[in-house]
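Each of the two complexes below includes subunit A, the first together with subunit B, the second together with subunit C.
Up next is the complex of A and B:
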């Protein structure tokens, strides 16, 4: 799984914001805000990775249980499956 | 083609309809010879896309709208951007009032002009901001919204005030993240990567450096007093 191109993530005033550019801006109007975990996973899925790899990356980065990490990744993957991932 | 001095830039406007020449005449550059910082024109595709929108507008007006949009799309790479807001100047400091259309930007800024001496409207609707020497400058432009209020001037931007209608008057300071969430809808986001990234970078600076407030207000002088004292840090003159 990988985030589609044409979506840029930046911090604006400490808020993690994703906006569409180019072709993507014609399909998707608006913006997404992400919490810290969301921003971490967004950057991780900028490269092609599996869900299992994302869980491992979350566990390595944050002090969370495997159960929470799996839940977070599953939620994130579901959200980006709505047209933001390939 | 004519060169205009707008927001500290030499802009070459290649219009076909006369409308824009009259519209921008107060900004015509004395120097028509030196190179321009940017050039704009409107493609047929852009013109007809705009013309297909509801409303019965003249071709000159439609071209004029498209020209400004094309100017604004190129601004971020020149450290500038359009902030949809009403900007007032008081004692050489500029303050931006923001809100969805219909929230009362022109009503509230009109009350500032009525109750306070020495207030000038920089631009009632579509000012340009420039990031320069670690501060933001607010510029008047020929494009001023339907009321046509504004002047060819510039002043440092010292505060942002988001407006909401309310039965009571109240002002609170916003964090940069809260201001960020409110400001996106007031900015034209360019569609090319470079200018979009630059816009986000400029917005990050804006909400981090310039203090932001949320004013919940009635139509009253009391509301003016609240926003005046928060934005200027001065006592409201009696």
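Up next is the complex of A and C:
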């Protein structure tokens, strides 16, 4: 799984916001706000990775239980599956 | 974890709810500062009267317009895009946002940066010269077309 090209993460006033550019800005007119974990996963999925790899990366980066990491990754994957991933 | 997405958003609603709008640029009227669908703008709600050089967000019909304030006037502003050659009178109540930051390619600029203010001043200062060259070029192109037209094959 990989984030589609044309969506870039911007950090504005401590907030992480995903903004469309190029052709993607013709199709997507929304604004996606991510928290710290979401931004981490967004950057991680900028490259092609599996859900399991994301859980491992989250566990390595943050002091969280495997259960919470799995839950967070599943929620994130579900969100980006709605047209933001390829 | 929070992930929120608002499809088909209205910028004025986002400003009212979140206090900031971050989005892509569309159009060529603010070139060379903002390039169509490449750069990102950060707009905040207008909380006070705008000043000269501020970049105002307002609506013309259904379209959002982001242009520079040339001069505050009674009841509104004289406004013009950096890449435009005509001024517009915009009423105060039509303006609801102001550009505070932007990303040009990946470089982040604040509208309070000295370098940015120097750019904005220079853009206004060179307006008459730019306008002369644009009109001159347009007249030359029209004249050339007029001369070439009779010789064109049908």
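The working rule: the second predicted complex is superposed on the first by the 86 of 86 C-alpha atoms of A that agree within 3 Å, B and C clash if a C-alpha of one lies under 4 Å from a C-alpha of the other, contacts with A are read in each partner's own complex, and residues count from 1 in each chain.
One rule holds for everything that comes next: a contact is a pair of C-beta atoms (placed from the backbone, for glycine too) under 8 Å apart; a residue touches a chain by one contact, two chains touch by 3 or more.
Since this is a predicted model, take the numbers as computed values, not measurements.
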item: Subunit B versus subunit C as contact partner of A:14, first or second or both or neither; value: first
item: Contact breadth on subunit A, by residue count: subunit C or subunit B; value: C
item: Partner chain in contact with A:76 - subunit B first, subunit C second, else both or neither; value: second
item: First, second, both or neither for A:31, with subunit B first and subunit C second; value: both
item: Partner chain(s) touched by A:22 [first = subunit B, second = subunit C, both, neither]; value: both
item: Set intersection of subunit A contacts, subunit C complex versus subunit B complex; value: 8, 10, 12-13, 15, 17, 19, 21-22, 25-26, 31, 33
item: Complex contacts: residues of subunit B adjacent to subunit A; value: 175-177, 179-181, 184, 189-193, 196-197, 200-201, 203-204, 207-208
item: Subunit A contact footprint on subunit C (complex, rising order); value: 1-9, 14, 18, 20-24, 26, 37-38, 40, 42, 101, 103
item: Subunit A residues touching subunit C - in the complex, by the definition given at the top; value: 8, 10, 12-13, 15, 17, 19-23, 25-26, 28-35, 37-38, 72, 75-76, 79, 82
item: Parts of subunit A lying in touch with subunit B, wherever the complex brings them together; value: 8, 10-15, 17, 19, 21-22, 25-26, 31, 33
